[in-house]
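Two complexes follow with subunit A in common, the first pairing it with subunit B and the second with subunit C.
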Partner chain A sequence: MALLIWILQNFWSLLVLAFASLVGLRIAYRFHKYGATRAELSHILRRSPFYLVVLIFCFFAAAPFMIMFLHSFKVDGDLYRRPQPFVYRQDPTLEHLESLFTNTAYLDFIRNSVVVGVAVVIITLILSLPAAYALARLTGRWGERAGILMFLVYLVPPTLLFIPMFRIVVMLGLKDSPLALIVVYPSFTVPFSMWLLQGFFKAVPPELEEAALVDGYNRVEAFLRVVLPLSLPGIISTIVFTFTLTLHEFIYALVFITNTSRRTLSVGVPTELILGDVYFWQPLLAAALIIAIPVGFAYNLFLDSLVQGFTMGAVKG
Partner chain B sequence: MASASPVINPRRYLMDDRRFVGLIFLAPALLYILLLVGLPFLLAIAFGFSDVTVGNTELNFIGFDNFVAVWENDIFRQVFGNTVMFTLVSQVFILIFANILAIIFTQEFTGKWFARFIFILPWATPVSLAAIGWLWMLDTKYSPIDYLLLQTGFLGPNGLLSNSRNLFWLANPALSQISVIFVQVWRMTPLATVILMAGLSSIPTDILDQAEVDGSRFMRTLLQIKLPLILPIMVIALLFSMITMFGDMTVVYVLTRGGPVDYTRIIGLYSFQIGIEGGNLAQGAAMALFAFPLLLALALLMLRTASRAEVR
Partner chain C sequence: MMSLVELQGIKKFFDNVRAVDGIELEIENGEFLVILGPSGCGKTTLMRMIAGLEKPTAGQIFIGGEEVTTLPPRKRGVSMVFQSYALYPHMNVFNNIAFPLKAQSREKKYDKRAIRDKVENTARLLEIDMLLDRRPRQLSGGQRQRVAIARAMVTQPAVLLLDEPLSNLDAKLRANARDELKEFQRSSNITAVFVTHDQIEAMGLGDRIVVMSHGKIQQIGTPQRIYDDPANEFVATFLGSPSMNILRNDVFSFGFRPENFLPKTLADNPENSRIFHYYVKRVEYLGSDRLLYGYVQGHDNELTLAKVPSNVRVSLEVDSDYEFAVHNSDIKFFDKTSGQRITEQNLQEIL
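Moving on to the complex of A and B:
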């Protein structure tokens, strides 16, 4: 706790210090490796504009998140009275973070999002794994047409569909039920993951399946025992991105679910943590940041895999 | 069919037939999607030509009345204009930034992992939550941006931009539109970058090696080899983010709810406000349908570009 207070109070100097020491270490390392020659110096100078550009982009990307972090721990007086947004004049506090978890439905939102996300991932995999394999290997011209049709369907925006879907959901008595979201979300996760998975399946050498067929497997067994295990990394990254798609979705969740404790994160946080005109800023900002960091981490971890799937899906294998 | 040889089990024969297995594999996903998108889509068209409301479940068809009413609505015209303007302007910036970033992130450099983590955050964060961050950044009274401008003398008494202590980002017509465009660019750039990265990394290395052997330097390789080669994928990235933005209302819902007056209202938001909040399902559907021909044209253009890229 004392450490947290100290970090928060010296946030900017620590940030600059950490950055400077990293740069210093890196330069020292290069000098150590290649010698402190003129050529090395000019290499560093030549590279520095590049790093400057990276730094500027990073700053713009990160600015709201840094502010979220800093402001989540401010006491009300420090936040609102003669504000100095970038420094702490009063000791940081954890009270808002605590109240986010105890006084609001935040934990409900997280739980609902996870339930919906996991269910949608399962449905999506059941539907899209075989379909993507069919598109990648089994079907000829008509399969290609079906693939294009799926792609077109992906482009029909939720803004066009939410009104009739709202009607259907109400008619089926699914309003305020997570089931409504679980049934509807695959309409965009299935095309998306089919597109990705198709790329991963194309990357598996067809010779392996043919060998399996010669060994007496049929097509379905070859798919289950050879192709699926080999494309496991791709499947995992598809799971990650499908899950986050459901986490991001806003319009359907806003329209179908109006009961506070049934809402999901993306809608619950911006609508339920605000009472009328009163914004509880610290919990709001903390609530956003707590979700942003792990998802960003997962994205970065699986980005290369996503790029690969996308490339293979776009380029005919 | 399997009677030719008694050794072959007919079920096994079927399981080995590519077309049959392909059909069985593809059918469930295809049916699910067609049911879940096709049905509501047809219903949306039916709604557009009817007088259905939240309370009234009967479908009475009233022809083009909704569309006429929507088009004669001055607010809707502005909303339509806003939507097109926001989408087009932000694409310009997204494309510029995404190109720069894609080139940066397909190179190796120290700290790349961390830089990539930072730059991907805007896209990874659920839109509505990221918009909350910006809602605070652009707050009427406590905006940290205003504070910086105040400290540097751009705001406050005798300030260069304004004499007031605040710019009122989301209350001023022009600034609110700029803010919405900025936030859209901020959050959509990473997606376009990733698509472009996929394009850049799919360029065959032998082409690049050959260019290097021939003495092509960085800028020349970039301008004369890489950019022309990824042009089709750039078009895909562009149209993809255009369609995503066209069909999204989250940012304006959280930031402004369409205000001040109607300056940041877009089609998605307006049809939500009329159709769901106002209960007039028919007119809400008609509004959303107005945008559809445009989206369809974009999608077809996109597919043509994509298929041309494959042929080449």
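Moving on to the complex of A and C:
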């Protein structure tokens, strides 16, 4: 505990120190490998502006997260004292973090979000995998038009749809239940995933499937044994994307569910931690940061295939 | 006894395009049949219909005496080597070759060992047994082609379909691969249907050649028959490099191959030859041959080529006139409008 507080207090100097030692180690390694020659020195000098620019961009990207991190440990007096808000002038505290987990239903929100997200991802895959495959391979001109039409559904904003959707939810008796979200979310995740997956399926040469057909398999088997394994990166990025779509959805979640402990993160956190115009900044930032980090990692892991998926869909229009 | 594969009145239309337009064809057991034609002539579509990847618009297909016209590929006992080889990139060579066996093992109950034995035997036959652990992307073009053939052969299909399997190899490898493919087909005695647009491949590999154009069969025959005795003007000009000279007069057209068009002094048998006055416009020296571009007297608008071996010491100068001869039997006559071949007797009647 004391260590954490010490780290927080010396956050910026530790950051600079860690960075400097990394740079030092790297230079030492190069000197060790190539010898501490003039040429090597000039190589390092020549390359350093490039890394300096990279560093600036890294800082730019990471700064919001670092600030969120720092602020969530500040006591109120420190947080609101101006200027220079990014260092601690009073001892950091863990009380806000504790209150996030004890005084709010944060863990319930996480659980609800994960349950809804996983269920929606499964439903989405079940519906959009065959649909995307059919659009990529089995239909002619009309299929393509139908695909565009389905994608248009995605462009109708939830702000227009939430009232009719609410009536449907009430009719189904699902009000105040995460099931409502599980039923409604596929209305925008399915068209989107279908579009994304279609691009990946189109990238698999049709000859491979035909080879599987000639080799003695039927179309479903050819799909499962050849197309699916080859588009696995695409499917994984579709899963990540669909999951985050459900994670940050706000309006449906706000309208369909009023019981606090049944809410999801995207609604639960702002409604619990913003009361009127009173913002509980520290737990709010901590709540956002805790959920952002795993999602960020997942995105980065599949960033390349995600971008590929988008552009493939775009080009094939 | 029915032929192994029989096509009856096969047609395939894509919208309004007649890709394949009425094909009658019998493929005999154990033969190497080449389907030859320019791109877009429907040869690949025809093969895909035999494989079951396309459904014919009209007509019937029989394999081994059974009608298979509407059966899916897996129920036809055929296998296919694709132009791109279509190896499964996510499987190693062993699993690529074992893939069709695993499909069959549901009915025939191959155990793991039987599959392993079969894959290894086939791989040994094609000399790829040391590559079984590799992924397709780690293989050279020639190796990929062998893996594709091994995968097609491992189930011992009734018919092996090959869709331009040599066109992705570079020129040096191609001659070698052609030889091996023919050797392999002969030793395994499999029935092969080979689609190509390359006449050298077709002449070198085929027991019989089917020449196709515009979705129709132009001629079926042995390579020699097709070359020496073309059924029509299309076949005559499609085969041979450079292609046959065609000259037209008021009643019919006639043609002769550049290699049969020689200076009169070289003709074996000048009495039975037809003599032309030939004006040489340009000479290309090709090493083994000289290729002459020029005009025959009376046909000033029809470029006529002659191919004279370099080792015959006849001086042939640009911008000069010579007497050239073609043996009468080397001149083919064609109908002026339909392009169909006219025999000499018929020609007399026309005249």
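Keep this in mind: the second predicted complex is superposed on the first by the 251 of 317 C-alpha atoms of A that agree within 3 Å, B and C clash if a C-alpha of one lies under 4 Å from a C-alpha of the other, contacts with A are read in each partner's own complex, and residues count from 1 in each chain.
Criterion: a residue touches a chain if its C-beta (ideal position, glycine included) is under 8 Å from a C-beta of that chain, and two chains touch if they have at least 3 such contacts.
Everything numeric here is computed off the predicted structure, so don't read it as measured data.
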A:Leu213 touches, of subunit B and subunit C: first, second, both or neither? both
Superposed model, subunit A: greater residue contact from subunit B or subunit C: B
First (subunit B), second (subunit C), both or neither touched by A:Leu15: neither
Touched partner set for A:Pro205, first subunit B, second subunit C, both or neither: second
Touching partner for A:Phe162 - first (subunit B), second (subunit C), both, neither: first
Which of subunit B and subunit C A:Val190 touches, first, second, both or neither: first
Partner chain in contact with A:Ile56 - subunit B first, subunit C second, else both or neither: neither
Partner chain in contact with A:Pro229 - subunit B first, subunit C second, else both or neither: second
Overlapping contact positions on subunit A, where the subunit C interface meets the subunit B interface: 213, 218
Touch list for subunit B against partner subunit A, complex: 12, 15-19, 21-26, 28-30, 32-34, 36-41, 43-44, 46-47, 52, 97, 100-101, 104, 109-111, 113, 115-134, 136-137, 142, 144, 147, 186, 190, 194-195, 197-199, 201-202, 233, 236, 243, 246-250, 253-254, 267-268, 271-272, 275-276, 281, 284-285, 288-289, 291-292, 295, 298-299, 302-303, 306, 309-310
Contact footprint of subunit B on subunit A as seen in their complex: 22, 26, 47, 50-51, 53-54, 57-58, 60-65, 67-68, 71, 79-80, 83-86, 126-128, 130-131, 133-135, 137-139, 143, 146, 148-153, 155-168, 183-184, 186-187, 190-191, 194, 213, 218-220, 244, 247-248, 250-251, 254-255, 265-267, 269-270, 281, 284-285, 287-289, 291-293, 295-300, 303, 306-308, 310-311, 314-316
Interfacial residue positions of subunit A with respect to subunit C in the complex: 205, 207-208, 210-218, 221, 225-226, 229-230
Of subunit C, residues touching subunit A in the complex: 51-53, 72-74, 78-80, 82-84, 86, 88-90, 99-100, 103-104, 151, 155
